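Input: structures, listed below.
In the two complexes that follow, subunit A is the common piece, with subunit B as its partner first and subunit C second.
Our next item is the complex of A and B:
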């Protein structure tokens, strides 16, 4: 797999995303925000950080960058796009994912590990995630409260687009497990066609035992497997 | 625009003495211009010149074969960590700006120290901070300077059976002082919340993990909080950059955002007492930070450094353009000429005085090899950052500043940078020590409710968990945080992508062996207040002990001396004695001081702060398997105490200056515990040897709150995830220890005394005997005191027994600060 990791001014989890992908034996390279092409990328990761200083609104300026026009085209053609944290915010601002991410309900930045319940294992981002336990992955954000109107929420649920919910260690979706006030405890979603996903937690920070968890790898491994299957299907 | 005439009043307003002014006239051979007066004023402020502290700083050990850049040479010291790699680190204060505007004051403190690190050519990879505020709860036991017992309303009475004050209205006097107290506490909370969110704002956006630190609450910091920010960066030996204006004829570039009127003369502001008016008047002296800009400037500078086009680089920190131009010229022995008309300006009609003294943030001065100007332009254009060629390096040795076609300053660079005045201030032992030294243990009864006292200590904000603070800091970004906040010391991993790029062509980084760096920042200022020499020693010893507990060998120290007005002999004595203690301890632990910062004049109208020489120590962990954390691991493990349970040679048995005396008895008094440095060093060596043998499963030192608090922390400090804590009990029997300490030994001293040189470790039950034997061989007093397991902390010491429910203890300890802040 060849992953393009976008670099906006003040992206700051870009290196971590590359680190996580390379650890799994795949290649990853940075793509500067002023570029108009993604080259030969098989997948795109929009990393965390404070793109363009997050001035105006998180992700609001990044959506206008040249590279995002290329990402939109890539997604329209069925390419896999994963947005993490600020990347999730960029995807909602760009209209590639529904809803919005607003200030955490206690108005404070939260950096801590959370548990995630995976609701739909039939997507390119979740197929390798084990079903017997929640994932343990860190969050680090000040504006991660997922918000959408009731119709959108209903549609997301009906189409099984809610991929991850904040839960406790036993997998129960509780208010205490919700770090930011997200509606329905939503931590991550995908689009209707299942090729664009975003989540607030940082899977790239949970990519090796030395960092306390390697649960994030399940998400990257899912993407790798999906791409391999697609390649096999194309060859056949 | 006409400049004001140079009058004695104007000179005084610039905090220059008549003698200093005479020296300026002698250097220049004439009266200074208004701009020159401003330049001398900031360059000769304590913040930039260390004029009152230099003779003391010279007594620090600063040499070791591992030091690549030593104290005072550059913006930060650099230490070799092997395999061609090195670390640059430094701590710096932003106390006064934070008192006036906590959010921006603290944020720009973080920004400034990060710039000091990447100026050295290093990539900043982690940050720490050391913070101090007035009490955030109204029933805080400590009541300030050498105080006699002052009953603290809520707690003490509420604990006396039948003496609850329900229904009793306070008299009108009490009510009034109660209101004043409430408003002071509310202000302390405001400052605390503002500082923490300012640090979070800047560090999180920049993308640096704030991986550790310390927070204390004490009355002496009311109105004058302390904000000390630390940053560490990593680089290859050949990547060290210098703040030198080298190469006659080389162009001088200004990069980063435009200069505005913000932060005018902040360095001079930092070198005065804080008064009530100053807070209002000086708001304009506080800079406004933009972490987004800093991130871009850092990336662009590291990219430019990789090209080899840079001859010298210096950040514009305190005293902005003034300090960066004359220091770079002075270091290189050259001259520098700049034209202020070329400096990007944010505000119209700025005078030369304002441009030279502005402390607008995130700006850098870069001296470029002649002929390579295009590379600067290309890289800074790529990052959409402003740049301007503003001058040239000359051979005149003079710093010449032009504005609107006129020379507004012409000063010998070396003289202003190196010939700042030096003062040997008078030192006199303060009187309060007579009272505090006279304290005897028979003035207080032994504890009648050990579990109750333990609970009080656990929820005392100074001891309570700091999760409310560090949860707001991104402490994991950059994938290097191996031990996060909440253990004795933080551990950060250095890997290939931690380093600055070697070449600007985007080639993948060469592989480098991974390194583990442990960091801790420490200072118990109550000890320093009660005995500056011993307190200084303990600050270093505790930092070294914290590193040893994580399995690290200490490498070096950066210190932040936070003290009161040096013109007051009693306060200067505190400074002098603490420095003597720090220096002696640094020599013993073989940790040279690589630099740091002095912040004097820390006093509010109510009086000076407790003397606070903050020590940040950095160490190296040899192998990943040596990384050790403080929490208990498995049921059935043996709990061992290394060191003497009570220092029986200390008449106060370790209770002098203790958290217990402050919190439970409302007294900050006594002689603090003694620190035997040689013994302490032996203990750390032994602990590391035990860790290297693979037998140690956890290690935690005993500090504030003593053995009982340390045990409780071992039982409950592991957090797996949000709202998910691993609580693991212990059964501890200290009866033997108590008996061995002699018949005079007190229960409160055993449980809550703070005798130095004690570490709790655990090992699997089968290894316990072997570890005890090995410890004895290494000359360390070691004893098995209990076993891990269960859901409570069960403790026995002679007649005393109690069982603390861990869920209850954890709730008190974990949520105390959040409760105080949402009250």
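Our next item is the complex of A and C:
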């Protein structure tokens, strides 16, 4: 798998994302926000950080960068796009994912490990995630409270687009386990066609035991497997 | 010519900042505050003197970029 990791001014999880992919034996390279092409990328990761200083709104300015026009085209052609934290905010601002991320309900910046319940394992981002326990992955954000109007929330649920919900260590989705006030405890979603996903937690910060968890790898391994299956299907 | 744009959170969106400011006002002894909504104010200086064109362009920019219609409303005013 050949992954393009976008770099905006003030991206700060770009190195981590590249590291996480490379340690799984796949190639990853940085793509600067002024680039108009993603080259031969098989997948795109929009990393966390504070693109353009989060001025105006998180992700609002990044969304209009040249590279995002290439990402839009890539996504329209069925390419896999994963947005992490600020990357999730960029994808909602770009309209590639529904809803928006607003200020955490307690106004605090939360930097901690959380547990995630995976609701749909039939997507390129979740197929390798074990079903017997929740994922343990860190969050680090001040504006991660997922909001969407009631019709959008209903559609997300009906289409199984809610991929991850904040839960407790036993997998129970409770208000106490919701770190930011997200509606329906939503931590991550995908689009209708299942090729674009975003989540506030940071899988790249949970990619080896030294980081306290390697659960994030399940998400990257899911993407790798989905792409390999696609390549096999193409060759057949 | 100048444009003023006021962006406010939609009523359906929880506004913890507004709520916190409201609580602070109450703690300070200001009574009768029903609600506080914290938004943004943008002042845009324009070279053009054509109000209608300016309004049309800024409405588009406000809808597409300066506000996020999923979570925010805006008011646009052109002033001399």
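Everything that follows uses one rule, which is that the second predicted complex is superposed on the first by the 236 of 236 C-alpha atoms of A that agree within 3 Å, B and C clash if a C-alpha of one lies under 4 Å from a C-alpha of the other, contacts with A are read in each partner's own complex, and residues count from 1 in each chain.
Here, contacts are C-beta pairs under 8 Å (C-beta built on N, C-alpha and C of every residue); 3 or more make two chains touch, one makes a residue touch a chain.
All of these numbers come straight from a predicted model, not from anything done at the bench.
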| item | value |
| --- | --- |
| First, second, both or neither for A:109, with subunit B first and subunit C second | first |
| Partner contacting more residues of subunit A (subunit B vs subunit C) | B |
| Which superposed partner A:143 touches (first subunit B, second subunit C, both, neither) | neither |
| Contact residues common to both interfaces of subunit A (with subunit B and with subunit C) | none |
| Complex interface listing, subunit B residues touching subunit A | 197, 200, 204-207, 290-293, 295-296, 383-384, 470-479, 481-482, 484, 493, 495, 497, 506, 624, 719-724 |
| Residues of subunit C touching subunit A in the complex | 9, 12-14, 16-17, 20, 65-66, 68, 70-71 |
| Subunit A - residues contacting subunit C, complex | 56-57, 60, 64, 92-93, 99-100, 102-107, 145, 147-149, 181 |
| Parts of subunit A lying in touch with subunit B, wherever the complex brings them together | 9-10, 12-13, 15-16, 18-20, 30, 48-50, 52-55, 108-115, 136, 138, 140, 142, 168-169, 176-177, 179, 202, 204-205, 207, 210-212 |
